[in-house]
Amino acid sequence: MFKLWLIPLLPFLGFLINGILGKKLPKLAINAVAVGSVLASFLWVALVVGPSSDWGAHKLQAHYFTWIASGNFHVGWDFAVDKLTIIMLMIVTGIGSLIHIYATGYMDHEGGYYRFFAYLNLFMFFMLNLVLAANYLILFVGWEGVGLCSYLLIGFYFNKKSATTAGNKAFIVNRIGDFGFALAMFIIVINFGTLDFTKVFAKAPGAPVETLTAIALLMLVGAAGKSAQIPLYVWLPDAMEGPTPVSALIHAATMVTAGVYMCTRSAVIFLHAPIAMETVAIIGLATAVFAATIGITQYDIKKVFAYSTVSQLGYMFLGVGVGAFSAGVWHLMTHAFFKALLFLGAGSVIHACHGEQDMRHMGGLKKYAPWTCIVLACASLAIAGFPGTSGFFSKDAILTAAYEHAPWMFWVGVVTAGMTAFYVWRAFWMTFWGEYRGHGKPHESPMVMLAPLMVLAVLSLGGGFLFNVPEILKDMFPLKEEIPEEHMLMAISVAAGLLGIGISWYMYVVNQELPGKIANAFGPLYRLINDKYRVDEAYDAAIVEPLIEGSTAILWKTVDAGVIDGTVNGVGSQAQGIGNVLKLIQSGNIRSYATWIVAGSVVIIILMGIAGGVR
Amino acid sequence: MEFLVITGVKLALILFIFMTALAYLQWVERKVIAHVQVRMGPSRVGPHGLLQPLADVIKLITKEGVLPPHVNKFYYLAAPFFAVFMALISISIIPFGTDITIPAMVIAGKTFGPYKTMMELADINVGVLLILAVSSLGVYGIALAGWSSNNKYALLGGLRSSAQMISYELPMSLAIAAPLLTAGTLSLRAIADTQKGFYFGFLPHWAIFQFPAPQIFSFIIFMIAAFAETNRIPFDLPEAENELVAGFHVEYSSMSFAAFFMAEYANMVTVCSVATILFLGGWHPLFPESMGSNLVAPLLMAAVGSVCLYHGLNPARPFDRITLPVFAVVFFGMAGLLAFPPTVPIIMPIFWFTAKLLFLLFLFVWIRATLPRFRYDQLMGFAWKFLFPVALLNLLVTGFLVALVS
Amino acid sequence: MDPLFFLLFAFIAVACGVNVVLQKHPISSALSLVAVMASLAVLYLLQGAEFIAMAQMIVYAGAIMVLFIFVIMLLNAGTEETKGRSWMALIFGVPAIIGLLGSLAYFMQTGMPKLGEVKFGDWKGGGAYEVGYALFTQYLLPFEVTSVLILIAIVGAIVLARKELD
Amino acid sequence: MDPAQVLETLKHGAVPTAWYLALSAVLFVIGVAGFILRRNIITVFMCIELMLNAVNLSFIAFAHEHKQVAGHLFTFFVMVVAAAEAAVGLAIILTVFRNRSTLNIDEIESLKN
């Protein structure tokens, strides 16, 4: 056997050791435990599970114990591995290891060092659970677990009010999504009587379309919460309050892609619910455009990348929605490479600028941090879809599929691609070109941080050649036939990307007054976009405020104070009245109590005997 | 019917040998302690005081039994016999050797046998539990004796002993549980049989060496607890003569007094037998037959016989000229019996069992002659704060190792 | 032999049980109770419950009752005072006991379904292996809960019995 | 009845399970009687143990009747609970005796009304 339990257990042991003993351990030991456990589980996946299960030609199932047994309904602690899982495992453990290594350098001077790594390992445990799950409930355990870790890590700097608020926001918004997911599970249980993937997918094609649509839409709500899609995307930009490695690992590479993974995993259900598919595609596309426009106006380097993440996740959903599941997963993978690189590079930049995150106070860093500059250039090329880079392949696959589905989706996607290239390169130019505008003297990051960046840079550039995901997954999701316009479409999207790069170069390197003029020309629109379309404020006014008001007026003042307290007090006084009578029986003499008991049992025996209850 | 007769015969044999052995155990104890203290020990009655036990028994039987006026008569009289009863009961399930077959005999024209029987009264499959149960009942004898004597020293002795025996019962049970994990049975005979064989051809398969979990710590814990259970030095608080005069048996005299001593020695033999079976491989020899383990016994006897013969021929005292050659003849005879091929399979297991038993008994006596007594709070603290956790840990480690290997 | 053994030990059990109630001195009661428990252990053995029989001896006779005797000796409890204050228990209690015994006897006569017979050795499901197996698989949770219960009892007993520190 | 037949039954017969249950009932009632009639708190406590034992006997009898080991396990748990109960109960008795210097159950009745 492949001992699948080993994969999540190793990080969990790391969590236990660091979480319990971490305060007393030296930093070196914490590093060894945290990095070693994740690395070991990566090696186990890469060397043992991955190769020997033949990249999942057969599905490997393992049952560990029955968790819930209630009538006919059984949920086991089951793991399963197929090709999709192997890809996810490789991404999660591989990028996880790199980011852990990076974090040992990045978090070197921070307080709560052991706590950080304990949380990070716990996150790995839950994420691997999510990926390995063989039924929805285990997946849900991982799902909730990563949500918890995300909350803990966003609020890692708990002295900062904004960080704890952002943590709360992420947690609460995710609850809405989880509620949807839980409802989806309930419907599955009611209709199919089980939560096991294999059984559900075997029964799904025969189920009524309405049921499947309901399930798929509710799942989409869950996925939208976790993967930050409209309308539940609001938490992700705020989540950047967490340390940068967290942003890279959880809020770019792994956790936020869980929604995409879940939809891909449930492909059978989605394929039989066309309306839901259409909804997924439209939501994905809308999110992609929407977030890209916000990204253009932001000045905080991490916020730019955060909106970029939302936008790219929209792309993945677009892929899923138009039926190109494997393209979605491919983009998930390449996105994990280059977005992790972007975030880690941003971390390196922030590190270089002594904690400054505003791009207006950076600039000219290519002189001070050449390596960071080179790797970030690689990542920016990849996300812009420069031919030959990893992003080019996956984005192209999605766009081609979108064109087949509906040409207008392709055109919107191309525009978004152009915007993406523009704002990412805008960030690049603002950071590395021109003169240094910040304070202090910037410096290059240590080798322990740069080494993972270089690995990721190689993956970002060559990831498309190295891992051809649709080819790997062709057993699960058949390859699409080539269409005649393919080369033309490719050229168009590459042109859009190059155009975006070119415009940004013109605006932020050649003619630096231009951005300000444009902003002035489109004053109200610019301010609206810069304020992220004021969605947060709208949510506050529409949902949060009424909720607080209503709770105060109805639940607290009326229900709690009036009904519940009244009932409790009334019962109390009534009981006191009855007790005053009954206390006469309580003589304090144990033997008379015993007599009462015996007399009572005689009565019961006689009653049972007469009723024939002795049998 | 045959079963009853065979059991009766075995009962009589075991009782006779055991009672005699108990009497002589006291002689051995006095002699060993004397020699540790560079004294002679009993030497007047019989050669080397060998008839001393007999004289003691006669003295104790013929002495007047004093019945103090203030005692609770029924319990006062019942307690010593209860103690002896409980001490003797567990000897009935202790196997001394392997199965034996009594060849067919013709008596008065009828053919009897052949009979196959075991060298114990009963092989029950919860034998270890019975030993524990009986040893836990042993405390009643002492507690009742202490209480019914209506004497404050006796009462204190009884209280101390009940507390002590309850406390040491725990580490003892835990120490017994550990080898049971490797043996996988509760029958004493089966446990001894799991310890058959040798590692690398010479290291016996005994529980104290056994793979995967050598029970050496269990053995040590068991022996310490056994000292306390039998109220022996260094744990003889209940009868500490300089604190409590004589503890729970201060009011007793003559045969009822002797009964307590008998119970103490019978308990010693029982716990040593249990230790032999659980930890030291029962009747299985120390090294394989191929290396000549069967020759040890006859050679030993022959050597003892030779020494006797030598001293008989060169007597230090005139009486030795007669007695020592007689002993020499007896020993040579035993050597011959032990080397006689048909009897070897029957006698050799008994020899090895007895040898191990005697070694452990010697340990008891040796320690009595060497160590001082514990203070009472030290005694309880030792049981609860040291022995109990260590036994628990030992059990945990053993269980873990066994689970790991299986 | 089975009925013979049953009758013998049932007689001992009942006689000693009556003795528990009748004896004036607590120690006599306690020893009678030990005898009841020992004869019950024999009856358990007759029904093939060898492990429980031994556990009965070790736990009840060897531990619990020793504890009782220990406490009786410690408190030096003498014979009971016969004058009591609660006549209530006597007036209502005796009829209640008779009612209990009578109703039990009556309904066991009339309402009891036909039950089987017990012959020594006809069922061997009560050995240490079977009990242990069931204990550590199906009944693991209750077992663990009782271990916690015992821990609580130990702590409680120590706290209660400790002499006041102030 | 024929004496020979009685002897034969005694030697080779089997015991009806109902006899065990009857014995259990008798012992239980004896325990109840002791509980109600005795005044010494320790004796009362011992009568509780007697009742527990009576119940255990019927557990064992039913285990044999149904050929299931579950009854043995219930007995086992009853023993464990009895051990815990004895430890705490006797500790309570010790405390009561220390404070009130009496073991008479009728004098310990302040917990009333």
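Letters are used for the chains, namely A, B, C and D, taken in the order the chains are written, and counting of residues starts over at 1 for each.
Everything below uses one rule, namely that a contact is a pair of C-beta atoms (placed from the backbone, for glycine too) under 8 Å apart; a residue touches a chain by one contact, two chains touch by 3 or more.
These numbers were taken from a predicted model, which means no experiment stands behind them.
Set against the C-alpha centre of chain A, every other chain centre is closer than that of B.
Contact count check for A-D and C-D (C-beta pairs in contact): higher for C-D. Centre-to-centre separation of chain A and chain C, using mean CA positions: 61 Å. In this assembly, the C-alpha centroid of chain A lies 71 Å from the C-alpha centroid of chain B. Each chain gets one centre point, the mean of its Cα atoms, and the points for chain C and chain D are 4 Å apart. In chain A, the positions touching at least two other chains are 587, 589, 591, 594-595, 598. Chain C has residues 51, 55, 63, 67, 74, 86, 89, 93, 96-97, 100, 104, 112 in contact with two or more other chains. Contact of a single residue of chain D with at least two other chains is seen at positions 32, 36, 39, 106. Every pair of chains meeting the touch criterion is listed here: A-C, A-D, B-C, C-D.
The touching residues of chain C, when paired with chain A in their complex, are 86, 88-89, 92-93, 96-97, 99-100, 103-104, 106-107, 110-113. Those residues of chain C lying in contact with chain B across their complex are 27, 31, 34, 50-51, 54-55, 57-58, 61-63, 66-67, 69-70, 73-74, 127-128. For chain C in complex with chain D, the touching residues are 1-4, 6-7, 10, 13-14, 17-18, 20-21, 26, 29-30, 33, 36-37, 40, 43-44, 46-49, 51-52, 55-56, 59-60, 63-65, 67-68, 71-72, 74-75, 77, 80-81, 84-86, 89-90, 93-94, 96-97, 100-101, 104-105, 108, 112, 115-119, 123, 125-126, 130-131, 134-135, 139, 142, 146, 149-150, 152-154, 156-158, 160-161.
Across the complex, chain D meets chain C through its residues 9-23, 25-27, 29-34, 36-40, 42-43, 45-47, 49-50, 53, 56-57, 60-61, 63-65, 67-70, 72-73, 75-77, 79-88, 90-95, 97, 103-104, 106-107. On the chain A side of its complex with chain D, the touching residues are 583-584, 586-591, 594-595, 598.
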